[in-house]
Structure formats: structure tokens, C-alpha cells
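Each of the two complexes below includes chain A, the first together with chain B, the second together with chain C.
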Partner chain A sequence: MKPKRKRSVLQSKSRYAYILITPGLLLISLIMIYPLVRGVISSFFTQKAASMHFEKFAGLRYYIELIGDKTFILSIKNSILYTFVVVAVQYFVGLAIALLLNKNFKGRGIYRSLILIPWVVPGISAAMTWKWMYDSQNGIINQILMKLGFITENIDWLGSQSTALWAVMVTSAWKAIPFVAIVLLATLQQVDQGLYEAVKIDGGTILHEFRYITLPGIKKISITTILLETIWTYNQFDLIFIMTKGGPANSSMIAPVYTYLTSFSFFKMNKAAAIGVISLIIVSIPAILYIHYNKKED
Partner chain B sequence: MKKLLSLLIVCTLIMALFAGCSSSKDEKDASNTNESKTDNKKDKDDKKADADEQITLKFQYIGGTVPAQDKVINDAIAAFKDANPNITVEPIYIDWGNGHSQFYNSVMAGTEPDMTMLGGTWCVEFLEMGTFAPIADYVSQDLIDKFIPAGFDIMKDADGTIYGLPWDGCTWGLVYRKDLFEQAGIDKVPETWDELLEAGEKMKAIGKYLFTVSCSGFEVDDYYLPFLWQAGGEVCERDENGKWVSKMDTPESLAAAEFYLKLVQEGYMPKEITGMDAESVLNSFTAGDTAMMVTGMWNIANLKGMDEMDGKWATARGWAGPGGNAVLSYPNTVHITEASKNKEAAGKFLQFFYDEGYYDDYCITSGVFSFTKDFVNTEYAQDEMLAPFIADAEYGRNRPAYSKYEEFRSMHFNPGVQAMVAGDLTPEDFCNQMAEAFGSLE
Partner chain C sequence: MNKKRKIIIDKSFTYFAITVITALLNFPFLWMLTTSLKDSVEMFSANPTFLPKDLTFTNYIALLKEYKFFTYFKNSVIVSISTTLVALLFATFMAYGISRFKFRGKNVISSSLILTQMFPLPLIIITIYVTFVKLGLFDTRLGLVIAYCTFALPFCTMMLRSYFDGLPVELEEAAAIDGCGPFSTIFRIVIPLASPSIVAMGLFAFILSWQELMMSMTLVHSTALRTMPVAITMMVGVRNIMWGPLMAASVIVSIPVVILFIYFQKYLISGMTMGAVKG
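Showing the complex of A and B:
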């Protein structure tokens, strides 16, 4: 009889838990899942401007249209390049900073606080500040490079097709490096220091320490951080929109900016929904890999 | 339990989906069509409505950046209420960043205000949706006749029916540095394209740029179109069937492209303009790198506020090209919505706002000008810095009143001009590609 009673208590507890999370689930369904589902459906229908009403089924019309849309293809390519470069820079520079701040040195606390500044600066302020710094005629970056003798004439960082996207990448990486650094630093502090001592006793080098202790210690959190940064960076809108608006000549056009223009400037809501669906699929790939990895690890 | 929960979520989703698909807007869309016919009748009846009937009008107004602007609006609303105790006007203040989307959303939801102010060319797309009421039905012809006719260009349909009134207007005019002109030995501001090239050579000799315009972001066409118009060209025109057709592959369009590119290639304009927004242009001007800029008239107040620029600058009237003079000059707009149940009262308020001097006060407070024919004679318009801008309004042109123009300029025209400046397109290729791109707009 005893085990039966225990089971019924458990059942009643889990029922209670389900009841408690139901309002939250419903809310999430309404504000997240419903718009998502509607967005996907919208990409298969035609719709009049300024109307919520779907007119008729369009099948894959908008997706086929997008395949022939050079700006869309460019925006996807740019988004992938932008995300890959920015996340790579964020991770490796963030890791280097975390390793540095994990060492014992005077004023370490101050540096740990200062490193957070780019992360807390609002996106719009960061974009405007970097825009001024990149100014082709009076920007501080050109002035410094000129004084150091690296350049002989001003570079039009945001106005040249060959540099605009890369210039924004620098700003994006600069802004998010602190997040990666702090997350990795917190993880590094949990690594057992005794293991490093053991490597030293066995005659191991710093490289051995990094490869056999640090890297396995931060592996899981690194994957999570890279996944989050990939999603955030791919969906980033503010920096490009403020700094280049996707120009010049669409050279820095990325998917979120193109989606915005298609929906809110050209009022092609269904086509914009199709771009959104494709972006969702692209961003889902690393997320699926992450889930797969977690399952494997478990 | 798991199954039950999953079922619950799925049911909720499906219900929500169906609820969304058959949203109230759709019902409103349907009922609006039927209602609009009866509304027209009703509106006429409104005219005879009981004067004691309490009416509340919603007026969406973009502002809030200049408190004095809001004061003029609030004063007008209070005075109108005194004169018409049964009509209350409720202002809905929106910032510029949200002005367009807020109105768009309200149209989607079927909750349009009775009156709305819109920026520059926003009204074009709504005009095609039938969002606005013909203004001549609700304000006097005398009031309509007061405005510079070009102010109505974007508010007319193919039949010439007008669907709004000009609000505050702005001209993009010429500001130049007297000190640099003197240094370069240029004794007068260029009045033709040839004189512009001549002055450019002189300015180049002292290591300065003659002229800078923004060629970045969404602003490219604002500063390119005047060259096109000055050459006698157009982006597009309506054909005899009312269909918009490209005029980009004309000799005039090619002349404009060649001239614009020449200014860059000869070093009269910096090649970095593709990275310069209006603010960078102003910075270049105030730093003394460039001797002339084309800018909106709001910058006059900015320059007046800079002590270091005292006595160094002045304004002048724009130059003419082979096709004559042309500057970018257009007003924001104000409209009565077709969905309003109180169009008569809304018209009464607008008539009051314009007739009682609040319109002029509002424009002066904003540092711009009212788009009326006689504004040029006001004391405000005699300001020596503002006068050339206001006078240039007679050559004022606006972007094409074509709802696909926004897409054309963002996706094709602006990137095309930038590619030409960067040397990736010849003027011929630019013109041909633009004509082709225009034709491909859906």
C-alpha cells in the first residue's frame, strides 16, 4: 500500500505543477507560437496591403520569387558571412580576455568591471559612436591610421562597398565580446585549480593545461555561448540599419534589414514572411546541432 | 496528463489561428465596404446634424520634438473647442520614427484616426488603398487655392482628385562658405552647371571640395533627383492609360548621370559621399573641407547657433541645368480619413487651423515654412538666410507619386547611384539598368 500512496502523491504533485505552468504555456503560445505559425502561413498566401486578411493561396510563389531576387541572395550570403566572422571574433577574443582576467594580477577587479562597458552601451549609441569614428573625412580612425603612417589617404569605411560590412562587423564584435568573456570567465573560475597543479607536476606546458583542462572545462558553455551569439548576431538589425542602411549599393545588406524593408517600406508582407521563414530555417540549423550534441552528451 | 496538456495547447493554437484569420479587421473590411456607401449618405446627413451632438475627433500628429510645436497644436484645439463646444479634438502625439508604422497599423486594424498628419511622401501608398477622403468635400476651395499647387502633387489620384492638404514644407537649398569662396577667388555662387564646373576647378586649386551632398543610406535620391530634374529628366511618368512608365533611359537622364559623376571624378565632390549622411555633410561643411552643401532648411537654425560659423556662411538660390531650375521641396501632409464618421467636423477643424493663423505659427515654430503662395511675403520669409530657400520653392519638385517608388529607390535607384559613384556602373549602364528595374516592379 505504501508505494501506491507515494505514487499518488507524486501524481498529484505533478498535476499541480502542470496546472501552475499552464497559464505560462498558454501565454507563450499566444505571443510566440501563434505569431510564428501565422507568419509561416502568411508566406504561402497573398494579402492586400494594410489588411490582416489572406486573399488566396500562393503556394511557393514568394519562395520562388526570392530565389531570383539578387538582393535577397546577397543579404543571405552577407548574413552568413557577418554571423560567422563576428561570432568567431567574439569567441576567440572573448576567450583570450577571459583567460587573461582569470590570472591573478593587481587591479583585476577593475578590469573585470571595465570590460563590461561595450556590452551595456545601448546598440543605438554604439552604432552612432562608431559611425562618427568611421567618418571618412573627420573620423578618429582615419586620423590615427594617418598619423601612424598606415594610410596615406582617408578610407571611406562605411561608404565603400569593400569595407562597409567589415566595418560594422568590428562594431558588432566589439559590442558582444564582453558577454562571451564574462561567461567564459565565470566558467573558468569553476575549473578545479588542483588539475593545473597536477599537469605542472607531470611536466606539462601551458598548452597542455589549455588542451587537457581549460578546453574540456569550458566546452559545454562555449557551445551554448556560440549558439546564442550565432542566433543574436544573425538577427542583429540595429547596427547595420543605423550605420549603413544596407549600403552602399546593397553591399552590407543583411537578411533582417531586407526583411524590414520588404515589409515596412515596400509593404510586401507575405514576401517578408517568406524571408523570415528562410532565416528561421538557417538559424535553426545550429540550434538543431546543439540539441543533437546535448542528446549525445547525455 | 501529457496528452491532455498537448491537446489543450493544440486546441488553443488552432482556435487562436482561426480567430486571427477571421479577425475583426476582415469583418470590418467587409462591413466597411457596405458601410462606406451608407456612410457617404450619413456624412451628408452629418452636415445637418444637431449642433449639440457631442463629437470627438482623433488627430494623429507627428511631433513632440519641439515643445513649441505641440503648444501651437494644443492652443488651436482649445480655441476650436471654444468656438465649437460640441467638438472635442484629441491629439495623438507620435514621434517621427513611429509615425508611419503607427498609422499603417491603425489602417490594418481599422482604427484610423479622423485626421492624420503624415511625413513627406507617405500618403502615396495610402492613397491607393483608398484610406483618405477627398478634401474638397470638407474644406473650402479658397483654402485649397492658397497653397502652392506643387504641394498637392503627391495627394492627387489619376483623375486629379485631391486627398489632403499640405502641412509644414521644406526646401533643400544651397548653403555656401563665404570664406572659402573668397579664398578660391570665386566671386559669385554658380547659377548654371557650367559655372559649377568652373567654380569646382578653382576650389580644387586650393585643396577644397566645391560641393558635397549625401549619397548614403536612404537619402541618395533626395540629392540626385534635383540634378535629374535640372537636366530636364524624370524618373517616371504616367502614360496615357495612367500607368507609371520609366523615363530613366532618356538623353536627359543620361546627361544628369554624367554630370553627377563628373563632379565626383573631377574631385569637385568627395568620392566618399557614398558614406556621408546629412550629418557628415554638415560636419564637412563646418570643418571647412567643403565650400557648398545642399541641405534641408532646418540646418539654417543649426548653423545660426554655431558661433564659430559666424560671418562665414550664407545661403543662395539653386543653379539651373540644361532643363532649368529644380530643387527638392515638398510639404508634409494632413488628411481626413475615409473611415472617419465625422469628416464634416474634421474638415471644420482643419479649416479653422489654417484660417486662424495656427498653420503659419506652426510652420514658423518648426523652422520651416508653410506651403502657401503668399508665405514669401511674410516677415519671417524676409530672413536673409531663409529667403533663398523659400524663393526656390517655386521650382520645388517632389519624388514621384508612385506607390512603388519607395521600393524602386531603396532597392535599385539609390544602390545604382552609389555603384555609379564607386565606378562599378557607367552612366549609360546606370540609366539602362534603372529603366529595366523600374519595368520589373510589380
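Showing the complex of A and C:
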């Protein structure tokens, strides 16, 4: 009798759970699960533009088409490069900021708030502002570099094939650095300060502190944050779409933008779905790692 | 003596480094703000100053008069607030259900909630588009609100769930023994108790919908229903970009978000750290 008594009154009424969960679950199934499943299926069928009905089974036709599509290959390469560079920069700059903010000094709270501004500013505003700063005629970046003598003539940062992707990477990293910094800072503040004292008493240096206390303390959160940022950065659409639309000459094309343009500018929805499926497969690697890692730690 | 000196050097380095980093991170936002307050002569000057020499609001006036920006602002407000309310309503019930009850499929549901946040949106939106055209939800505000639940609902549910997990169950049990059904328990006890987190999640949902571009651009076509991010994207012409009004518009989109952030900073920071830690 006793163990049964111990069960919460709430938990015994599991039928309520279904009543509470069903509306939300239904909505999520309709707007996420169904579109995902149908999206995957549609990559194997032909279909008239903007119609709900599949015409006939196409097998791997769209996937084979993609192998010969240079823009597609480039977009996947760019996406991987973009994600790797942006996440790496975000993490290391974010960590540096977190370590600085973890020191004890006056005005720390104000700095912490100010640091967050790039993360708070809406993507559309950030993209437009950077576009203006990168402007080839009157952009402030050219003007400053010119004054400092780094360049002798204006560079069209977003308009040349060699710089466009890198220019957007800077914006993307800038925007997400605060998130990494604040998440790491929150974790650093939970590290037992007594441990640092212990290292000092044992005659350890700052490097020892970092290697044996800071690093183990932030290892778990670093892995989850990097995995999340990898997924988010890979799926990012707004910045590239607004700043370059994948151009010039597809040089900054990334997979999400190419999927979107294939579907809504070139009206090849099934081919777009195939590109989306490839992205889904790529993103599922960090996604599975993330879920696996979270479960293990629980 | 030596030790004291070392501390001073260390402190000055910290201040110097953090000040430089903060200035660099904030420069674009401030540059957007000051550009929007400059006239076109100053904006395109070869020797730009950081602050405008003559403060002018012409860009903002042009935005209202020539670009009919008030309509877009109004549309964004309506859609974002509606999304927030709908998402919170569904999310509170769902999060509470997952947090408090044991039932079959609970783990599957929790995992899929996290997974939905990782779906490539362009893949999802293809089907949403054709389905909405079929159902008559294309080019309506209701359609946009429903579509925005794709990111707002799973996110709010996950976050609220981890918050509910941390709340003590005793009060709710007492209420249940006194004969409160689950719905009145939620309204009388859980919502008042959890209101700070619910507000924080609402803010997240609002901020996300407020700046959403891809869905709005795809699912709404008429000018009268256009939201601000789409309107701003469309201000960029083929050759001539009107940077003044464009920066003014960017400021207008940013201001509500920045104000909300400053005001509710504590909740938002705990929300974002919680999200990363717990998933």
C-alpha cells in the first residue's frame, strides 16, 4: 500500500495529461511534422507548381539532378565553411569575453548588458546596418580602412566574389558572440571559487587554473552550446538573404537560401525539397549528438 | 608592493580589453542610430563624423509619408502579439502536462520538441505554403500567426517545461485534494506562480515573431498585410539604396526589442542560459 500512497495525486490522473497536451501536439504535428514528412516525400515525386497533388513517382531523379548542379555543390561547401568559421569565431571570442567578465571589477553588470546588444538587435536591422557599413561608396568600413592606410581604394565587400561570404560571416559571428559569452559566463560563475584558491596555494599559475578548473567546468556547456550554434548557424537564412542573396555569381550561396530560391524564385518545389532533405541529413549529425549528449548527462 | 602593482596592471588590462570589445560590438547599432538622424549630405560625406552635426528627423518623416511605414508597423504588432498569446496558451498547458504527469510517449514528445527546432525551415515552408493556399490561409494574418507557432510553440513549451520541473508540486497536490481540476489548478496556482517565466517566454516569442522574415515574405503577398522585416527588405532597390530611410526603419524595428530587453533583462538572460543548459 505504501509505495502507492507515495505517488503524487497529480501523477495518478494521467488522462488529464492527454487533455493538456493534445491541442499543442496537434498544432505542432500540423505545422511541423506533417510539412516535414510531406516535404521529404515530395522530393521523390513530380508535382505541378503550387499544387497539392503529386503527379508521379520520380525516384531519385531530383537527387541525381543535384549531383550535376554546380550551384548546389557550391552551396553545400559554402554552408559547411560558413558554419565552421562562424561557430569557431563565436566560441573563442565569446569565451574570451566570458573570462573577462568573470573577473571582479566595478561596472561589470553594465558591460554585461551592453555586450548583449548585437544579440538583441533584430536580424533584419543587423543585416541592413552591416550592408550600409560595407557599402562600396560610402561605407564606414572602407572609410576607416582608407584613413588607416590599409587599403588604397574602396572594396566592394558584398559585391565581390572573393569577399562576400567572409563579410557575412563577420556579421553572423558578431551577432551570436553575446549569446555564447553570456551562457559561458553563467557557467563560469557556478564554478567553485575555492578551487581557484587551492591552485594558488599550491603555487599554480593562471594557465594551471585554466587547464584544471575553468576548462573542466565549462566542458559540458561548451559542447552543447557549440552543437546548438552549429545547427542554428547552418540553418541561418536572413543574413545572407538580405545582404547578398547568395551572390555575386552564387559565391555566397548557402544551402537554406538556395533551397528557398529554388522553391520560390525558380518554382521547382520538388528539387528544393531534395536540397532540404540533404540539409536535414547534414543537420541531423549535430542534432543527434546534442540529444545523445543531453540524455547521457541527465 | 609588487603584488599590488600586478593587480593594478591586471585590472587596467581587464577594463581596457572589455571596453574595446564592448565598443566594437556596439558600434554597428550606434552607427545605425546616428546614420538615421543625419541628412543625406552628411551621410555621404567623405569625412563622416560619428554624431550628426545637424540632428534631423527627415528620414523618419519620409518613412511615414513615402513608405507608409505605419501600416507595416501595425501589422507587425498585431501578428507578433497574436503569436505570443496563442503560443503561450498552448505552451503553458502542454508544458504543464509534460512536466507533471507520467504517460506513454512522454520521452518521444520531449525529444521531438527539441528536434523540431532543428528542422531546416525552407523545407517545411514549401508544404506550409501549398497547404495554406489550399486552405485559404495564404495571405492572411491568421495564417501567419499559425505559421509562426512553428518556432514559438516548441520553444516556449520546452522552456516552460523545464521551469515547471523546478516548481514544488505540494501546492498543486493540495489543490487537487481540495477538488481542483487540472484546469483550475493551472489558472489559480500554476500561472500566478510561474508568471515571471511565462512573461519571459512571451517576450521570446514576441521578439522572434517581430523579426521573422522568411515566412512573412512567403505567406503574405498583399502590401496591406506586409510586416516590417519584409517591407524593409523590399526598400532595397536594384541600384539606388535609400540608406537614410532604411536605417530609420531598422531603428524602428530594433527599438521595441531593445527596450523590452533592457526592461526584462533578468528574465531573458535566465531564459537563454536555461535553454542552452537544458535544451
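Throughout what follows, the second predicted complex is superposed on the first by the 262 of 298 C-alpha atoms of A that agree within 3 Å, B and C clash if a C-alpha of one lies under 4 Å from a C-alpha of the other, contacts with A are read in each partner's own complex, and residues count from 1 in each chain.
In this text, a contact is a pair of C-beta atoms (placed from the backbone, for glycine too) under 8 Å apart; a residue touches a chain by one contact, two chains touch by 3 or more.
Quick caveat, the model's predicted, so the values are computed rather than measured.
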Looking at the combined model built on chain A, do chain B and chain C fit side by side or clash?
clash
Identify the partner contact of A:G159: answer first if only chain B is touched, second if only chain C is, both if each is, neither if none is.
first
Figure out whether A:I231 sits in contact with chain B (first) or chain C (second), or with both, or with neither.
second
Taking the superposition on A as described, I'd like to know which of chain B and chain C A:T71 touches: first, second, both or neither.
first
Mind working out whether A:L25 is in touch with chain B, chain C, both or neither, as first, second, both or neither?
both
So in the superposed three-chain picture, is A:I221 touching just chain B, just chain C, both, or none of them (first/second/both/neither)?
second
Touching A:G276, do we find chain B (first), chain C (second), both, or neither?
second
Which of chain B and chain C A:F92 touches, first, second, both or neither:
neither
Regarding the shared-chain residue A:F150, is it in contact with chain B (first), chain C (second), both, or neither?
neither
A:I140 in the overlay: touching chain B, chain C, both, or neither? Say first, second, both or neither.
second
Look at the residues of chain A and decide whether chain B or chain C touches more of them.
C
Of the listed segments of chain B (8-16, 26-34, 44-52 or 98-106), which one clashes with chain C in the superposed model?
98-106
Contact residues of chain A, present in both the chain B and the chain C interface:
14, 18, 25, 33-34, 38, 50-52, 135, 137-138, 264
In their complex, what parts of chain A are in touch with chain C?
8-11, 13-14, 16-21, 23-25, 27-28, 31-36, 38-40, 42, 50-52, 96-97, 100-101, 103, 105, 111, 113-118, 120-126, 128-133, 135, 137-138, 140, 143, 174, 177-179, 182-183, 186-187, 221, 224-225, 228, 231, 235, 237-238, 241-242, 255-256, 259-260, 263-264, 269, 272-273, 276-277, 279-280, 283-284, 287, 290-291, 294
Going by the contact rule set out above, which residues of chain B touch chain A in the complex?
1, 5, 8-9, 12-13, 16-17, 20-21, 23, 25-26, 29, 100-101, 104, 107-109, 125-126, 129, 131, 215-218, 270-276, 280, 283-284, 287, 289, 404, 406-407, 410-411, 414-416, 418-419, 422, 424
Which part of chain A faces chain B closely enough to touch in the complex?
14-15, 18, 22, 25-26, 29-30, 33-34, 37-38, 41, 49-54, 71, 134-138, 154, 156-161, 164, 244-245, 247-250, 261, 264-267
Chain C residues touching chain A in their complex are 11, 14-15, 17-18, 21-22, 25-26, 28-29, 31-32, 35, 43-44, 46, 48, 90-91, 93-94, 96-98, 100-103, 109, 111-131, 133-134, 146-147, 149-150, 153-154, 157, 169, 172-173, 176-177, 181-182, 207, 210-211, 213-214, 218, 228-229, 232-233, 236, 241, 243, 246-247, 249-251, 253-254, 257-258, 261-262, 265, 269, 272-273, 276-279
